[in-house]
Amino acid sequence: MTSPLVLVNLKTYKEGTGSRAHMIAQAAQLVAQESGVTIGIAPGYIDLHPLCHHFSVPVYAQHVDGVEPGANTGHITVDAIRTAGAAGSLVNHAERRLTLADIEASVRALQAHKLISVVCTNNEATSGAAAALGPSYVAIEPPELIGSGVSVSKANPDIIKRSVAAVRAIRPEVKVLTGAGIQSGECVKIAVDLGTDGVLLASSVVKSKEPGAVLRDLVSRL
Amino acid sequence: MTSPLVLVNLKTYKEGTGSRAHMIAQAAQLVAQESGVTIGIAPGYIDLHPLCHHFSVPVYAQHVDGVEPGANTGHITVDAIRTAGAAGSLVNHAERRLTLADIEASVRALQAHKLISVVCTNNEATSGAAAALGPSYVAIEPPELIGSGVSVSKANPDIIKRSVAAVRAIRPEVKVLTGAGIQSGECVKIAVDLGTDGVLLASSVVKSKEPGAVLRDLVSRL
Amino acid sequence: MTSPLVLVNLKTYKEGTGSRAHMIAQAAQLVAQESGVTIGIAPGYIDLHPLCHHFSVPVYAQHVDGVEPGANTGHITVDAIRTAGAAGSLVNHAERRLTLADIEASVRALQAHKLISVVCTNNEATSGAAAALGPSYVAIEPPELIGSGVSVSKANPDIIKRSVAAVRAIRPEVKVLTGAGIQSGECVKIAVDLGTDGVLLASSVVKSKEPGAVLRDLVSRL
Amino acid sequence: MTSPLVLVNLKTYKEGTGSRAHMIAQAAQLVAQESGVTIGIAPGYIDLHPLCHHFSVPVYAQHVDGVEPGANTGHITVDAIRTAGAAGSLVNHAERRLTLADIEASVRALQAHKLISVVCTNNEATSGAAAALGPSYVAIEPPELIGSGVSVSKANPDIIKRSVAAVRAIRPEVKVLTGAGIQSGECVKIAVDLGTDGVLLASSVVKSKEPGAVLRDLVSRL
């Protein structure tokens, strides 16, 4: 069994941009080294290359377009994030939903460049559908719990169990993350005990005054 | 084995609106009675209720939103098309792509009202993903062949075979249609021989001066 | 000065569909005849043709696509709503936002068919921009007040005044509606006194047990 | 009268990414210094900060979201591009169309940070509408000519004249760019003679083996 992944989405929070992004990446690197747990960081586009350059933690884009380089103004290609040093990308986050055709194109483009794809989904059925595309990870996040401070692990363990089962039934090799309201080592422990391969989270780390302490707590029960 | 479905999408063609929609539905009804093949019609929203009222052929919406009745200006709910008498709806047509979350919501809403869902897809991978949502049909239409006059059955039989396999591997009970460039009984025969449960087509019937003759040819080899 | 317009958006409310849509249209027709005020109705697509057929009040679509008839599955053309008998259409409602290019195409298509265009906007600046497209009406609805039960006339008269001024400065012939939270004759009176040409409203009529009584109150101070 | 602006959109062309982006920016800087003409560069998000850091030419984002920093995964805020050192941003490019509400939010956010806003439009009417939002520039690009190799200056001088007039009638202080098919100093000269304040172009510079030579030609008649 592989080590779980704790993936921290910096969104466009002020507290996750520029020097704060660096500080969080540094804390992630330190806690990852101490604990042996893989901690990834998904910063804004502008911070992507600097973070890849300065830190050893895997850095993810928050979104990527499945288009080829070309006449696509305002898009971000897999080619661009790969050159920047990204390990992979979120795809279809609740705050950046894509059409099914575009999700598939993004996953396929990430695979073609041997990058990690993390497709976000909102329920059991869409988790199964996303798994059928063969991404590296499916990240199930019940939309009503995102940013709520209520942990999906505690509020809705059933949706996690059913989503894990739905993904496994279709593509056993696809890993599962869960997210929404994750804020402590206990939440992470429950998520992993329910069969997931880690968590996707944001505000509890990014908005903390001590991201390192939160990260240390998050991995403490693994 | 059930009889194949020939589903005629009237799009917003002038030749598929108003009295022409009625004429095509009448022809479809006649050919269906003669041949025993199920022929469905997907007219514009305005013609939906009159066609359901006047003809015995199954009538489909071209799109439906998975939202509940409520504050959704400019949307079309499953409730609305069911009341109009629709048998089901296309979902995620190439000319009306939806997010994965919205496709799932539409399929679920159609199921809840016991209506037929036909999810359109663009390739093998998205066909598998759509199948995972458990719709009645997945309709695979390679976008580059839509309206091209080049039949998918002849130009790309492999994509049909692989899509049928992808759907069957995930949900054997989900039926498969194919489309794009279908124009003759031979195209339909090949599609069915490749394992599909019928075809989705538009211009070759709608833009014909004799839709009845085209329909008669389309079902002639079944 | 022309008589104000009271435009009732039935959205996809259950209470504004089918027989309820007919009942509201009937009430609107009666109150319009009694009062001399123009009352329009914007039902769902399915009810559009029957209402146009059965009632003398002007009937509006809730949305229209600016595309020509053709290969546009799931769209609704101006041609379709005109044939159904519509007087015009809402465009860019808060619940169905469009790109600027698509708003312009819809307005132009409505003009080409001599139908009334009502472009919805969210603030003073977008009201001016919409006016530049030369629609029949701009309908300013502060999104935070839609369906709130708090009337824009009372909560934010300034945004109405400024929007009227913004529209007049750019195209004096474009009329202005306002909406969001409108529920009484007093709200309508204030709106008109602030320089608008009427109101756009929904829930207070649609969800009422006595739409006729609400409509009678709405026009009572004009 | 201010000096015209030649704004080079690098899109996501391979030939406009990474070291090629630097090479083009360097060429732009040199030609700008020689000629006194302002030459701006709009690279991909990843190259935005490095180009701002290394070159004196104004660097633009290709798109910006009008949202505040916060829970907006996969978005790019004005705050982010300003911190990166951008001079401004394109908004609503033909390859990245936005709703009217989002265009207005982006323009307002750029203004609030004192950055330059360049709103792209597709015809005379949308140019007037965009002008009403008070951006720094409106850039009119007939979609059918983008990347066509046929210059808008020669193919459709009328649309330029009418768009300039439409913008001036609404907000005389808003500057006008034009684009689509611009490839020589003659095209630029015509555009400026027709009343514009410069040009927006892409492939003729980006895909050239000698971007410096093309840029030198482009500014040669100013």
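The letters A, B, C and D name the chains in turn, as written, and every chain counts its residues from 1.
Throughout what follows, contacts are C-beta pairs under 8 Å (C-beta built on N, C-alpha and C of every residue); 3 or more make two chains touch, one makes a residue touch a chain.
What you see is a predicted model, and the numbers here were worked out from it, not measured in a lab.
Once chain B is excluded from the assembly, the chains that remain, linked only through touching, form one piece.
Relative to the C-alpha centre of chain A, the farthest chain centre belongs to C. A separation of 36 Å divides the Cα centre of chain A from that of chain B.
Per-chain CA centroids place chain B at a distance of 43 Å from chain D.
Look at where the CA atoms of chain B average out and do the same for chain C: the two points lie 34 Å apart. Within chain B, no positions touching two or more other chains are listed. In terms of which chains touch, the assembly is arranged as a closed ring, every chain touching its two neighbours and no others.
In summary, the structure contains touching chain pairs A-B, A-D, B-C, C-D. Residues 9, 11-14, 17-18, 42, 44-46, 48-50, 62-63, 67, 69-77, 79-81, 83-84, 90, 93-96, 146-147, 202-203 of chain C are the ones that touch chain B when the two sit in their complex. On chain A, the positions that touch chain B within their shared complex are 92, 97-104, 107-108, 121-123, 125-126, 128-134, 166, 170.
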